[in-house]
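One structure is given below, encoded as structure tokens.
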Amino acid sequence: MKQAVDGTDERQTYYVSETAKIGSNCDIRHGVIIEDDVVIGDNCFIGEYTFLRRGVHIGNNVDIRQFCYFAEEAKVGSYIKIFQYSNIAKWTVIEDFVYIGARVLMVNTRRIAFMREYKLDIKGPHIKRGARIASGAVILPAVTIGENALVGMAALITKDVPDRQIWFGVPAIKRGNVPEAECISENLAKSKNRK
Amino acid sequence: MKQAVDGTDERQTYYVSETAKIGSNCDIRHGVIIEDDVVIGDNCFIGEYTFLRRGVHIGNNVDIRQFCYFAEEAKVGSYIKIFQYSNIAKWTVIEDFVYIGARVLMVNTRRIAFMREYKLDIKGPHIKRGARIASGAVILPAVTIGENALVGMAALITKDVPDRQIWFGVPAIKRGNVPEAECISENLAKSKNRK
Amino acid sequence: MKQAVDGTDERQTYYVSETAKIGSNCDIRHGVIIEDDVVIGDNCFIGEYTFLRRGVHIGNNVDIRQFCYFAEEAKVGSYIKIFQYSNIAKWTVIEDFVYIGARVLMVNTRRIAFMREYKLDIKGPHIKRGARIASGAVILPAVTIGENALVGMAALITKDVPDRQIWFGVPAIKRGNVPEAECISENLAKSKNRK
């Protein structure tokens, strides 16, 4: 069922489903696992031991570091960086130009139905264009992080963060606004290369 | 001393000690490491890159996801789910029907004797039947989480949580009670399959 | 470019750059990745799946557990323990006799320049001799943790911790002083073996 694909040297041995589609000029590192129906665009880097579950979609110029976990059907745009150990929940939506630091934790349900009878409302977070999430943040399910919003280190985000606001703390509250000069400019973004 | 055991396809290459015992109908994924004297029951799933240290015991119908770390002699019951990146301390006891989310952190000593002369009181947490621990929680050593208790996301648990109570926050305090309808029923639990 | 080096049994297959230097009596475990120009001293243990980026320097008698990530050019002294999942930032300096628990998170910039024009001030934390950092702590960039200081579990360290002080909380504040008897003694330390 599965095929092993070997890269150009010993560090690049990874496992990719034969139903996955990987674009051109990608660098897939040692120990990466890519399940069925994953789609990866062009110019992407997938760091060592990162795991992409079934149906994950990733755009172009995306840089994902080591030990990350992407649950089923997470959708990731283009021009994005995601650092080591980050956990992206099922059905998360991440728009273009988003930055996600190390060890960011996202989940997809507020309730735990394990061995119980009730039905879950499962929904991942929605991270909008140009948002920046610092390392160690924890994002509850179904939360929207607004355009160009900034989430501080180790923040616990329990509700929606409006566009261009700065939130941190446990639980996080509004702490300020992102200055105009730090909002993503489409021209700037398009002119940049990923590395 | 150690033997390499290859699964049925390329994704299932893992390392298991020859003194480990693995039950029937288990699915052991790529990169898993199972040390000496580990015992795993029937119908278990061990996700990619998870590490079971010497003497870990796991019951039946246990679903452990990717990148978990079980320290020496942790004891895990049956009908349990443990999500990715969770760290189970040495001598932790986890009873039946427990749910542990992603990136839960448990430790086994409040003091750090490293390079110091004093003796440590080492003891893992004790998670009782039907308890649910949400993702990102941190559990101090020697703490008991009561039956059917519920620990919230990213909570820091520094003392015992009584049966059926809901605790969250940093540090966590009591926030409510688990409704009767969400307490585990033995009949319900036994009638369920793990998947 | 890279060479695969196989250990003495199946668990010890790791990848090491040919420009890395590894001392005598080291135990490098399965899945470890060691990049260019890494230097490791004598009597070191590198646990399964740990990743040492380019230019990391590690002294003697250092015990690093599983799933750790050391960013480029982190400098680590001698007689040190670092537990599983810890993330050591670029240019971090860790002096001798330091203890770092599990899942400690260090970063190297307070600002996120991703796709923005401004210049970053990049600097890792500096952890001084004999300091102890408990599991789950998050350390901001350019912070100094003083000699023999003690950082509590899951603390968020946003500013310098003076020598011999105890800090914890989110954000952490001073909570006490480390007793004289728990300060590292050079004679004691030198007389100890790593295991």
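We just call them A, B and C in the order they show up, numbering each chain from 1.
Throughout what follows, a residue touches a chain if its C-beta (ideal position, glycine included) is under 8 Å from a C-beta of that chain, and two chains touch if they have at least 3 such contacts.
For clarity, every value in this text was computed on a predicted model and none was experimentally measured.
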Fitted rotation between subunit A and its twin subunit C in degrees, CA, nearest 5: 120
Interface residue overlap between copies subunit A and subunit B, same or different (over half shared): different
Inter-centroid spacing, subunit B versus subunit A (mean Cα positions, whole Å): 26
Residues of subunit B engaged with two or more neighbouring chains: 31, 49, 67, 85, 103, 170
Touching residues (chain side subunit A, partner subunit C) in the complex: 9-11, 30-31, 48-49, 66-67, 79, 81, 84-85, 97, 99, 101-103, 130, 132, 134-136, 150, 153-154, 170, 181-182, 184, 188-189, 192
Footprint of subunit A on subunit C - complex, ascending: 1-4, 15, 31, 33, 49, 51, 67, 69, 85, 87, 103, 105, 107, 112, 114-118, 138, 140, 156, 170
